[in-house]
Structure formats: structure tokens, C-alpha cells
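In C-alpha cells below, several structures.
Each of the next two complexes has subunit A plus one more chain, namely subunit B in the first and subunit C in the second.
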Partner chain A sequence: MLESALEALQILVSPQHVVWLFLGVGIGLVLGLIPGLGGLTGMAVLLPLIVGLEPASGIAMLIGLNAATTIGDTFPSVLMGVPGTAASQATVLDGYPMARKGLANVALGAAFTSNMVGGFIGGIVLLVLIPFARPLIVGMGSPQLFMLTLLGFSLVGVLARGAVGPAFMSGLLGMLLATIGSASMTGDYRFVGDVFYLYDGLDLSILAIGLFAIPSIMSLLTQNQSVAQKMVHQRGGVLRGARAAFGHKRVLVGNSLLGSVLGIVPGIGGSVIDWITYGATKQAVRSGRDQFGKGDIRGVMAPEAANNAKDGGVLVPTLMFGIPGSATAAILLGGFATMGVATGPSMLSPENLYLVFVIIWTLVLANAIGAMSSAALAGTLSRISLLKPYTYGPFLLVIMVIAGYQAGVRWGDVVAVVLIGLLAWLMQGLKWPRPPLLIGFVLGSGAENYLWISVGRYGWTWLTEPSVIVIGVVILITLTAGFTGVFGRLYARFAPVETLIEPTKESSRG
Partner chain B sequence: MVSNRQTTAGLAMAAAAALLLGGCGVTNSGSAGGSTDGPFYQGKEINLIVPFDAGGASDVYSRMLAGHLSKHLEGQPQIIVENVPGGAQKDGINRFERTEHNGLNLAMSSGGLIAATQFDKEGIQFDLADYEPLMAFGGTMVIFGSTQAGIHSLEDLRNSADPIFYGGLELNASEAVRAFALQEMGLKDFEPLMGYDGGGAVTAAVLRGELTIGNSTSSHYIENVKQLEQDGSVVPLMTQGYVVGGEVVRDPAFPDLPTMPEAYRMLTGQEPQGIGWDTYTALTAAQTNLLRTYWVHGDAPEEARAALREAVGELVVDEQFIAEATRLLHVDSPPQIGAEVAASTAAIVDLDPQSVTWLEEYMARTSA
Partner chain C sequence: MVSLSAVRIGADGVLLAVFAAAATISLLSVDSPTYWFPAFITVSGTLAAGYNLVADLLRVRAGHSLTEGEIVDIGASVSDTHDDTHDGTGSEDGTGSLAGRILALSLWLVALPLLGLVIPFFYASLIWLVALLRFQAKQKWLFVVASVAVFGVVLNVLIVLLEIRMPPAILTGLG
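After this line comes the complex of A and B, so read on.
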């Protein structure tokens, strides 16, 4: 075992392999940096290149790329309030307010530290959980998956910060938008009218760009004021962020573990994990819950740790059963097949074990390289928050529309971005929160399909399964908390006063 | 301010990289040009429309094929793959219809699109009868059972005391004929469940016994599911089969597995006949014989079509090509050209209207 681990490390750091790792990480960072492009695009473009590569090189490049996109995507989320990929939507909630306070470099430092720790823990979880993956995959039936989507949806109430009604309306609107297009259960088309573009349904990346990126850039441009007036920490902000991140060890480790375990369950993607960990962290912290959404460093750390940790988890079913845990994992499987790597239980046989370790080392190294090079860039790039928006705004708009267009090469995408942008503007005016809409959209089709299958398969008996009841109780608690804020009041009453000041201490410490 | 300028420069570089990457997905349509003497394709460029995302199995296969086809075409034109995903392939083939019918534009489609011309016509702006199928590569579907649900053999399906749940991704015409075939086998309380999120989700549901039987394409099966046979989690039961000369025959990659009509015979002792089984055969011809079909416009210059036919004839016996194709798909995918592929497409294009009505009604009943 130890021998395989060392052998794999030796292979990976040999010059001919490490070049591919760096190439993958480099491309991944750039893809993450540009809103609208993500790991899926990169994998699809790189896949033809790996034909003929040695497995270790190909794995290093593909997995390195995938890990690095979820690091690079933090930049636009924090600096401009524009999610870099679907997996960094929740980062915007606290990252952008921090940038507005002039703490962009601190937020980035904390985010990259969380990315790195999350990636490490994800790799370790992959190593430890491979033998135990089966019960987890077999235990998660359609009823459990349906309940998990509901649990994710109930977090809308937690995120709402008071305005629970509008938040749920917005979430339900998202679920409604998810029903547009072909219904896979029956093959019928719904809400498509005569518009052929709608037959495929709306695209998540188009929705995210229209909902967050366009309004954010537009309001930056119309006010034409830089995101922040001045940097609080001209120097050393990144390190300060890193130190602050290590100060919240439980947030860091807890979300990494949560992210990697959720990653194992096929059918829960990065964009869902992102919100679940954000909501769960907000629910679980002892103090300063009302700081979330106003620039709490823990709100940046939670999704960032989880979305890198999930990469390890996603690979468990992919490697062990050939069951891709996500769309990128599906492409990765294709890549493995092209290189002649057979996935499945045989991966644990002695002659293949080194490949598992190559993957784990790649996760660890890619996250370390990606996070460190991002941290090196953070000081310079965080000055974007001091620039007048007209210097980069129009350019960014063009990039995003092109990125959205290239996802499907359909003109309808451009129209859809504009229409969704208008909807977002309307919602801003009505003070309806937008994140719930995205959560509803992400969870909508899963919730519907799994409910359909659960009822078709088990009638109503699935409601009496213990695991379903347990998740149901958690949902009820979450909903109660969201509607009444009762836990917040309890904590406020009993928690020691000094811890309440902690988050503000963070922002004023220098 | 110096640092500001550096930042802008950094952004510009990132953008340039993005444009480069983005550009990979978008290529220009084949442009006419070159001299009039010599072979038709001398110095020309062919545009091959693939109606799937870059990186998927159909895309990878088509790119591999494009390289080999170019070698066999006289004049060795460059063949560029253009991905036009979306609209269940209709976007791509609509685009193919709008390109110039000059022999410099080709398209690929799967059997799903061919079936859609009969069963899901919304949004279709072309007529397959106007196109000439150059070649097609097949691939069948494997039906496998869950040992967790007590299925170890074909007989267990019939003798099962529990209801039989069959799962798939989406209820479409080709899924409907498989559901029909299984239902005909006299399975107790047969219930098709559609809406699973990908082949992996179906496999996982079979593993946990939520589904009694699931299906998978043969190459996905060999690549990903077969390993679960070894530890006794799944058992292969039957294949959809290929259609040769109007008869459903076994998949050469799974010589020991009966086809669905054979399984029907084994379980019920009756001959598969009637409009339902006729429709099954027609849809199987589209789904499995024509898994990947390559088209040229029927009104393209005869010179171009003759050159393509000749190249395709050489291609399907090129051992280097066959070896590479087999390595990509893990199964030997029987190629069809000429009259053979025309017969397969005709099975769907000229499908009896009664069959169309019958299947539409069957799908409506199943989803109700």
C-alpha cells in the first residue's frame, strides 16, 4: 500500500508527467477565472488530446484541470459578484460584500486556503472511503435522493435573512423554470410554446450569467464606482485571509468532509453542494449568524472548501463502479476508457492500485499548486476592485455572452441571457432574493424525477422508511428555523457575548 | 496606477485565452474552392456536423473517423468536425439542411434522430428522404438484471413473485419498443420507470434493487457495467439485437445473449408477431443498426457522392480504422454501407403509418 503510494508519487513528479499536471492546472485556472466557462468545457476540449498519452499523464492533466477550475472561479465571485462557475455561486454571497469593504485580498486568501484544505481532505476521503462506498451508493435510493433535494430546498429559508416569503417564492419560480422543456418521465414537452430553443430547457450557466453576472456588471457600470474605495490591507491581505481561515478549523474541516461525502452520492452536483454547505454552516455556527451575507469570512470558506473536497468524493463511485457522480466525471470516465484504464473493483487490485494513488496525489498536488499560484496572483488581481468599472465591465460583458454562446452555439442563448437579466433586475427592484431561484432551478428536475420514480416504484410506502423520516425531520427543523429564527434568538440569548463580535473583529483588525 | 495597468493586461490575456478556447468549438462551414481539374475534393475542406457536445462518445468517434475518411478520399481533403449540440440533434441536422448542398458538408446523426422524424417531429426542418446515408455503425442495447432483486437468469424474470421495475432515462420511441417487448414476455406487474439521471444512475438503481432490470448501450456496458457481473451484482439477460434482412439477430459482441424476440420465444413459447413486434423491428433497425449514421445531401454533385461512396467502401475494410474504432468503443461495431444502410434507414423513413399510430398510443398509455 505504502509502496504503491510512493511509486505513484514518483511517477507523478517525474518531469514528463508533471508537465501535464501543470498544463491541466494552468488551463483550469483560466477557465475558472472566466465566468461561463468551466471544467466541463475544458475537459471536452482536452479530451481528444489525451489519446495516446500515458494514463498517469492523462489523469494528471484532466484531474488537475478539474480541481483548478474550482480554485480559479473564486476570483470573479469575490471581485465582481459574478460566479466564475456553477460551483462558486454561494461564494458570491459573502465574498463580494468583503470585496466592497476593501477586503478582497483577505477573502481570496481565505478562499484559496479553504480550496487547498478541501482538496487535501477530498483526496484523503477518496482513499479512506473507497472500500466503504458501496453501502452509501446502494443506500441512496430515489426516495432518499428526493428527500435530499427537498432538504437543499428548505435551506432557502435559512439563506433568506428574514424575507422568507419572497425567498420561497423565488425558489419556487426557479423550480418552475426547471420544468421548461422535455419531461424525461413521459417524453412530453412543457411550457415550450412554439419556441424551438426552449425544447432543451434552460441552461444552468445561461441562467447564472443572466441572474447574477449581468445585473452585477450593469449596476457597477451605471454607478461607475469601483467595488471598493480602498484596500484595507495593501500588503499581506492574502496571508491574513489564510491565517483567518485556519482560525476557523471547524468550518474548514467540517465543510470539507460534508462536501466530499455529498460528492459520493451520484445526482448531487457541485452547484447543490455549494448551497447546502453554505446553508448548513450558517445554521451551525454559534455566533454572528446575522453577519452571513454581509461579508462573513466563514461564508466564503464553507462553499470553497466543499467544492474542492467534492472532487475526491465524486471519484469514489466513478472509479469503483463506473458510475459517474457528475457530468465532468462522465467525461473523465470516457477519458479513462480512451487511455485503456478500466474502472471498477479491479482498480483496487495490486497492479492498478498505483493509479488510484496517482489520482489522489494529483488531487493533492493540483489543489496545492492551484491554490498557491492563485494566492500569488491574488494581490495583483484583487486591485480590480479598485478599478473604475468602465475599464473592465464592457469587456467582461462580451466575454460572458461569448462564453454563454459557446456552451451551445445557439442564438437563443444570447436572447435568454438578456431576458433573464431583465428578470433579475425586476427581482432586485422587488427585493426578491435571487439565489433561491438558482437553488430551485438546480434542484427542480431532480426533485421531480426522483419523486416520480419513488411513487412509481414504492407507491407511498417509501414515506415510512427510517432514512426518509430522518431527513424529513431535519427538513422540518430547518424550515422552522428559517421561518421563526428561533435558534438564532436562543443562541443570541445564551451564547457568550464576546464571540458575537468575532466576525466584525475580523473586518476591523487592521 | 502602474499596477492597475498590469491588472488590465492580465485580464486581457485571460480573455484572449478564453477566446482561443471558445473558438475551438466554432469552426467555419466548408468553403468551396480549388481547381476544377483533378479529383473533386482536391484542395477542399469538408465540414462534418456532429449534433453532440464535444468530448462525448459520438464526437470522439466522429473525429477519429474524419481522419481516416480523409485518407481514403481522393484528393485528401481536410475534414473538420463542427459540434452543433442541442434540440435532441435537430439543431444540428437543421443546420446541415441550411448549409450548401455542394458535397462539402456532411452530417452525423444517431438512431434517435431518425426515429424522431416519425415520432417527435416538432422542430424538424428537413426530410431524411432527401439525404443519402453514406455509412452507419451499429451498437446495441444490453438489458441486465439485478441480483439484489432476485434476478439471476431469464427464467427468474418470469417466475418473480415481485413486480418487475424497468428503468431508463427518457420515454422515447426506442425506449418504448423495449418496454413493449419486456411487457409482452408476460412479466408480473411490469412497470417502466423513466427519468433517471444518466446511465450511472440506472446502474446504481439496479445495484440497490430499486430497479429489477435496467439497460445500457453495449459499449457503456462493456466499459462500465460488466465488472459488476464478476462480483455477482448484475446479470446480463438479453440484447435488443441487430436487424439483418428484416430479422432481428444477435449482437456479435454478445453471442451468448438472446435478443428480445428470442427471449419472448423462450419465455412464452410463442412467435413474436403482430404490429407491436413489427414496430420493434423497425425501431431496432433505426436504434441499433444506425447508432451512428453519416449523411450527405442527396442533391450534392454526383461527382462528390461517387467519391464519398468509394472512400467509404475502402474505409470499412481498413484494418487500421477498424482497430482504432474497436479500441474506442470496446465492441466491434458492424459497419453498413450502400444498399444495407439504405435498407435500414428505409425501415424508418417508410414506416407503416399504422405502426406510428400504434407506438404513439402505446407511449401515451405507458406515461398515463
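After this line comes the complex of A and C, so read on.
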């Protein structure tokens, strides 16, 4: 095993492969920077280019791109309040308020440190779990997956900050939108009327751009004020953020592990994992919980660490069973097939083991290179928060509309992006929470499919399975916490007053 | 002028109607498994929307505004202001009311796809940018021309490298 690890490292650090890795990371960072164009676009474009490449080089480029996209997407999330990809939405919650306080470089420093540590831990989890993953994946049947989607939805209550009713209504609206189009299990069409465009259902990327990116830019243009008036730390802000991140080791390591484990579960993508880890962190922290959403550095770290760590987890079922854990993993599988790499249990055979290590090393190196490159750029790019919105906003609107068109290459996509953008802007003005709508949309189709399979296969007896009951209890606890805020009140009652104040100051200052 | 609270009550009503209509469709077809899950969602949504409408009406009746207070939201908002600036009703350059600017920008956004219906989208977006930056943002011609030219080159490079497809001008058949 050690021999394979060293052989893989030797292959990977050879100049030829390093060039491919840097190319993948470079493209990934640029794609992450442009709102609406995610790693999926990049991997789909790169796929034809890897034909004829050695497996190690092709793997280096594809995984490098995928890892770097989730690092580059932090820039627009923090600096403009525009999620760079669907997986960086929760980062906006605290990253953007930090930028408004002139702490953009601190937030970016903390985010990139979390990306790097998350990617490292994700690689370790991949290494450790591959031999033991089988029972975990086999144990995850449709009933458990259905309950996990409900658990994800119940976090809407935790995120609601008091407005639990509107949050659940928004979440249910998201689920309703997810049911539009063809029912995947019967093929019948629902809620489409005579609108041909709706037959394929709504696309996640269109909804994400319309819900968050367009309203944010429109608001900035309306105000015509720079995001921040001045930088609090003209120099050393990024380093300060990195130090602050290491000061919250539990948040860093805990969310990296949680992200890795959630990544293993097929179907739970980054767009849900970031919200789950954000909500879980908000519930788990001992102090300053009310600072979440107002510029708490832990709210930036949690989703960023989990987002990069999940890439390691996603690769466990992808490599072991050929089950793509996400859309990007599906393209990755296609890439492996193109290069003649067979996934499945044979990956662990002695002659193929070095490839597993190539993947692990690539994941770790890509995250390190991506995070360090981004950190080097962060000082300069964070000055975007000092620019007037008209110097970049209109250009981003054009890019978002074009990005929306790529979803289905239909004129209806352009109309849908603009329409959803304007409606979401109205929602924001009316104080209707928008994040639950997206969570409901993402979880809706999965929940229906898993429920369908569970009932079809087990009747209703699956409800009595111990694992289902355990997840059910966790859901009830989460819902109770969301509706009553009971944990926060209990802690406030028993916690010493000074611990509630000190870390809050520190966390918001970084 | 209609208050935001009144608009929200109206929106609550619209959403209740949407959920109720979807619930009716789902329940009428509930014998088909296609509508089992939608029935569950829409009935829950109807209850939640009804609860919200009643709760909002009660809050308005008690004299509270429905658009004050905190919710979890992400990104920039029109109500964002810097602490040491003004009240958020006017832009930094002081042009126009907040409502007027929101309406104007909404129309500008709608204008982009409308322009794209008659001119190939690449050129439509450049024309739209020039018009918006010059006439809405009142930027200097030098900035407008230089920034749009640079953007055009970068966009073209991205279109070629990433094989990005652009919407055709379907009304004129161009593009």
C-alpha cells in the first residue's frame, strides 16, 4: 500500500502531470469566479480533451478543476453576495455581511483555509473509508435516504430565525416547483398546462441564479453604493482570516468530517450539504449563535470546509461501486471510462491501487494549490467590495442570463431566469425567506423518488426500521429546536455570560 | 402608495390560491401514484399558506409592519446602507426615489431578453450594456466604450473556449 502511495506521488509530481493539474485548477478557479458557470460546465467541456491522455494526467486535470471550482466560487459569494455556484449559497449568509463590514479579505482568508483543510480531510476520509465503505453504502436504502432528505428539509426550521411559518411555506413552494414536469417514476406530466417549456421541469441552476444572484446584483445597482466603504485591514487581512479559522478547530474539523460523510450518500449534492452544515454548526456552537447571518466567521468556515471535504466523500461510491454521488461525479465516471479506467471493487486490486492514490493526492494537492492561489489573489480581489456596483454589476447580469441559457439551451431558460429573478427580488422585499425554497426544490425530487421506492418495495414496514426511527427522532428534535429555539434558551440560561460575549466579538472580527 | 405590508398580504393570498389549486388538481387525481407526493406537498402548502395569511392579517391589524424584522436571507438588499450614510431611500449620487430606481432597473432587465429577440444575443448584450451604463448609470463615454469593448473580447474568448451557446434572435432569424 505504501509502495502504491509513493508510486502515485512520484507520478503526480512529474512536470507533465503537474502542468495538467495546474491547468485544471486554473480553469476551475475561473469557472468558480463567474457566477452561474460551475464545475459541471468545465468538466463537460474538458471531457473530450482528455481522450488519449494518460489516466494520471486526465484524473489530475478533472479532479483539479472540480476541487478548484468550489474554492473560486467563494469570491463572488463574499464580495458581491452572489453565489458563485449552487454549492456556495450558505457562504453568502455570513461572508457578505463580513464584506460589508470591510472584512472581505478576512472572510476570504478564513474560507480558503477552510477549503484547504476540508479538501485535506476529504482526501483522508476517502483513503480511510474506501475499504470500509461497503457496509455504509449498502446500509443506505431508499427508506434511510428518504428520511435523510426529510432531515435536510427540517433544517429549514433551524435556519428560519423566527420566521418558521414563512420558511416552511417557502420550502414547500420549492418542493411544489420540483414536482413540475414529468414524474420520474410514472412518466406522467404534472402541473405543466400547455406550456411546452415546463415539460422538462425547472432546472436547478436557473432557479439558483434567479433566486439569489440576480436580486443581489439588482439591489447593489439600485443602491449604487460600494459593498464596503473601507477595508478594516488594508494589509494582513487574509492571514488574519486564516489564523481565525485555525482558532475554531472544532468548526473546521467537524464540518470537514460531516461534509465528507454526507458526500458519500449519493444524491446529496453540494447545494444541500452547505446548508446542512451551516444549520448544524449554528445549532452546535455554544456561544454567539445570534451572530450567525450577521457576519460570523464560523458561518463562512462551516460550508466552505464541508464543500471541499465532500469531494472526497463523493468519490467513495464513485470509485468503489461506479455509483456517481453527484452530477460532476457522473461526468468524472465518464472521464474514467474514456481513459480506460474501470471503477468498482477492482479499483482496490494491487495493479490499480496507485490510481486510487493518484486521486487522493490530486484531491489534496488541488485543494492546496487552489486555496493558496486564491489566497494570493484575495487581497487584490477583495477591493472589488470597494468598487461602485455599476463597474461590474451590469456585466454580471449579462453573464447570468447567458449562464441560465446553458441549462437547456432554450429561449424559455432566458425568460425563466429573468422572471424568477424579478419574483425573487419581490420576495426579498416582502421578507419572504428564499433559501428554504431552494432547499425544498433540491430535496423535493429525491424525497419523492425515495418514498416511491420505499413504499413500492417494503410497503410501510420500513417505518419500523431502527435506522429510520433514529433519523426520525433527530428530525423531531430539529423541528422542535426550530419552532421553539429551546436549545438556545437552555444554553443562554446555564452558560456564563462572558462566554456569550467574548467569542462573538472575536468571531465577527475574525 | 400601496404599502409593502398590503403587497405581502396580496402575495400571501396569491400563494394560497396557487397551493389550493394545485391541491385540488392533486386530490382529484390522487388515485394515480403520480399525484401522491404532490398531494402531500400541496395540502401541507395550503395549510402553511393559510396560516401565514391569517398570521399576517392579525399582525397588520395589531399595527405591525410585515416587512420589518429579521429573516435569514442572503446577498445584497435594497435596504442595505452603510451606518454613516443616509437612510437608504436615495442612491449615493442622489438620483431618483428608491421605488423609481427599482422600477427602472426592472425594466432594464426585461429589456435585455427583448433586445435579444431581434438582435443576436452577443451584440444585443453589448448594446444593452452601452445603453444601461450611459443612460441609467450616467457613466462617461470613455468608461462605457472601454469597459464594454473589453467585456466583449473576454466574452467572445469564453464563448469560443467553453463552447458556450448564445440565444438566437428568434424574431429576425439572426444569430
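Please note the rule applied: the second predicted complex is superposed on the first by the 503 of 510 C-alpha atoms of A that agree within 3 Å, B and C clash if a C-alpha of one lies under 4 Å from a C-alpha of the other, contacts with A are read in each partner's own complex, and residues count from 1 in each chain.
Keep in mind that, in the parts below, contacts are C-beta pairs under 8 Å (C-beta built on N, C-alpha and C of every residue); 3 or more make two chains touch, one makes a residue touch a chain.
What you are looking at is a predicted structure, and each value in this text was computed from that prediction instead of being measured.
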| item | value |
| --- | --- |
| First, second, both or neither for A:F168, with subunit B first and subunit C second | second |
| Partner chain(s) touched by A:L93 [first = subunit B, second = subunit C, both, neither] | second |
| Which of subunit B and subunit C A:G429 touches, first, second, both or neither | second |
| Contacts of A:W452 with subunit B and subunit C, given as first, second, both or neither | both |
| Touching partner for A:L207 - first (subunit B), second (subunit C), both, neither | neither |
| Partner chain in contact with A:T391 - subunit B first, subunit C second, else both or neither | both |
| Subunit B versus subunit C as contact partner of A:T186, first or second or both or neither | both |
| Partner chain(s) touched by A:A342 [first = subunit B, second = subunit C, both, neither] | first |
| Contacts of A:I402 with subunit B and subunit C, given as first, second, both or neither | both |
| Common interface residues of subunit A - those touching subunit B in one complex and subunit C in the other | 34, 37, 41-42, 45, 185-186, 188, 391, 395, 399, 402, 406, 409, 448, 452 |
| Contacting residues of subunit A [partner subunit B, same complex] | 27, 30-31, 33-34, 37, 41-45, 47-48, 137-142, 182, 184-189, 196, 199-200, 266-267, 317, 321-325, 330-331, 333-334, 337-338, 340, 342-346, 377, 380-381, 383-384, 386-387, 391-392, 395, 399, 402-403, 406, 408-410, 446, 448-450, 452-453, 456-457 |
| Subunit A - residues contacting subunit C, complex | 34, 37, 41-42, 45, 80-83, 89-90, 92-93, 96, 100, 159-163, 165-169, 172-173, 175-176, 179, 183, 185-186, 188, 190-191, 212-225, 227, 229, 293, 388, 390-391, 394-395, 397-399, 401-402, 405-406, 409, 411, 414-415, 418, 421-422, 425-426, 428-435, 444, 447-448, 451-452 |
| Parts of subunit B lying in touch with subunit A, wherever the complex brings them together | 3-4, 6-8, 10-12, 14-15, 17-19, 21-22, 24-26, 53-57, 60, 63, 83-88, 90-91, 120, 122-123, 148, 165, 167, 169-172, 191, 193-198, 200-201, 203-205, 207-208, 210-211, 223-225, 227-228, 230-231, 327-328, 330, 363, 367 |
| For the subunit C and subunit A complex, residues of the former touching the latter | 4, 7-8, 11, 15, 18-19, 22, 25, 32-35, 37-38, 41-42, 44-45, 48-49, 51-52, 55, 66-78, 80-82, 84-85, 88, 91-93, 98, 101-102, 105-106, 109-110, 112-113, 116, 121, 125, 128-129, 132-133, 137, 139, 147, 151, 155, 158, 161-167, 170 |
